[in-house]
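To keep things simple, chains are lettered A, B, C, D, E and F as they appear, and every chain counts its residues starting from 1.
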């Protein structure tokens, strides 16, 4: 299995609901360093997994809807606990949609699996990985 | 598959037995930066893999038995070659036991897989990954 | 000149006032990875710059007043633009006060200079460095 | 599954053929930080995945054929687009051959899977992972 | 002294002249991860060292003249050994010129010192630091 | 001021004397990632601070006397508390001696300042910096 990974980041505010979150129930924030890894069994005719430039642009567009926002006020996330795990899945699903729209180019239909990792600090991270054509 | 990762570290002395270890047969030491990754297919009702605070505490407790020790003198490791690979598995098994005792909270029973990675320098690491409910 | 550095982090929300900040004028947030470097010309009788355990605790206490907060609502920061540069200086001054109170131990009076660095992402950081006994 | 990882690097020039590569069609270059991860289900009698010293030497020998070269002029790569993905596979295959030759010692026959990751910058990487005894 | 740092990177080919360079006399290449640190004694009225967005853009423009190039063919570098040290100074001088042209905004005239660091691998780097208004 | 930095590491056992060290009074160990930064005002005729290959070799030789040792038993360190700060200075002095012996080549006489940094974990480091021709 081949993979390529591109990195970007967002800076957001949010609060988390539930006593399990302790002080993170207060309005606070985070920088999330986001790694998008795209995987496929065989390379395309150019010898690549996907156009890495387009992958980076697609990731940036997905993140633009979250960047410099208070996630508590983002309609697409209403009623959800925007944990790091949840956000990893949210980015995953949005990149799958971008692939299906053709934003990563026609060769990107060959992408089989993806992993989205969000580092929230030097000591904590969360990720979501799955099949691109799975029951998203 | 979702995952969360927490990081901690230990500083230990030890020696390794067998000519394959060359100069590491002498008493020396290491800082191991330890990453504990916990994985599950679905998030719990709070939208998390596991209470990350409790995961960090559980890891710290597991590591406390090793930290600032000469591993050659730790009874639980007697007769074992405390290679980085072996220690990754030792930490894995101890975290599984902590989950079963409920140290990570009742929601942690949903954790299906784990990966424990020990970086011993900027150029070398070892890991153990497996099922939480496998034949530990 | 000798130095020791300890690392911790905070996760905060805030907004910045002024058109130069563009989208960061909106309420958003950041993880700041904070490095505190303490410097002195000669080591103390124990062969150290400062008790690194106490230095870490003092940094944690300073950061506790900011962690998991919306900085726009923190009285001590009222009316200030909590830029990364400003926060580096704020932490610097608070650590100087902690040294003067004796929180880092009596040996810490030998600390001559400090540098506080806040990484806000993998591509941006700010710092403040100065004399400990300067006109703080 | 256990694993060990060793890191090395190469500094090469090359050009990539095809409009998808944009400015990378020009002769340019890269530092690739190379991580070789070797995996097996059980440790050998010494308690290791593989002799980490020999693994590092084998990786260095494989990379020596590429290091400080213009890959456009390397006969073994003639007619190939030396993308990061392609190079990850090239290193993978060369390490498999080294294992089969016995360069990593007799215990290395127990290695079941490998992953080769090439970081080309702080924001981009590629990898190839597969079975060691698969249809290489 | 306050500072802000922004990071970017370039991927170049080049060769170095002189037996001291050993195999680096051949045409090869490098990824340089470039950190630009800008320093001043006091913050501007917005509470910043410099508009970090403009600083990042200015760095990107300076690097654009080098990125994806064979430095042996860049007229501005003709007859020079493009060592990592030399390139750090080249970037430094180009950023000073950008500040003087006003590319970083009028507030950037307050920048007193800068440091440009180029990491060429995980084990090697070079830097140039100096006064902005020195005899450039 | 120009600088070049090379990185290497050691893995050692030791114990520290004095109640300030708490659990580190026990025999334990550390991996120290060592950065040697060499500085000078002007480049030599080859356009470099120093032959980086020779600098790396000199650092490796200095570290070889410590690597895979129990520092409590190293005669050159007898009676000393081998704190991270102390070891940074020890490496500094040994590199100065290597420069004076000509181990880094005749051009290295131009090196004016050095900084030696030892990272002992992802959250702690120590350093020593000074003039090469100072009263070592």
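Basically, a contact is a pair of C-beta atoms (placed from the backbone, for glycine too) under 8 Å apart; a residue touches a chain by one contact, two chains touch by 3 or more.
On a predicted model such as this, the values are computed, not experimentally measured, just so you know.
Looking at the partners of subunit B and subunit E together, the chains they share are D, F. With centres computed as the average of Cα coordinates, no chain lies farther from subunit D than C. Residue numbering at the subunit A/subunit B interface overlaps only partly, since under half of the positions present are found in both copies.
The chain pair from C-F, A-C or D-E that repeats the E-F interface, sharing more than half of its contact pairs by residue number, is C-F. The geometric centre of subunit B is 31 Å away from that of subunit C, both derived from CA atoms.
Separating the centre of subunit C from that of subunit D, both taken as means of CA atoms, is a distance of 41 Å. Touching of two or more other chains is recorded for residues 7, 122-123 of subunit A.
Touching subunit F in their complex are the following residues of subunit C: 1-8, 43, 46-49, 51-53, 56, 105. Touching subunit A in their complex are the following residues of subunit D: 18, 20-22, 80-81, 83-86, 88-89, 122-130.
Residues of subunit D touching subunit E in their complex: 7, 9, 11-14, 23-24, 26-33, 67-70, 120-123.
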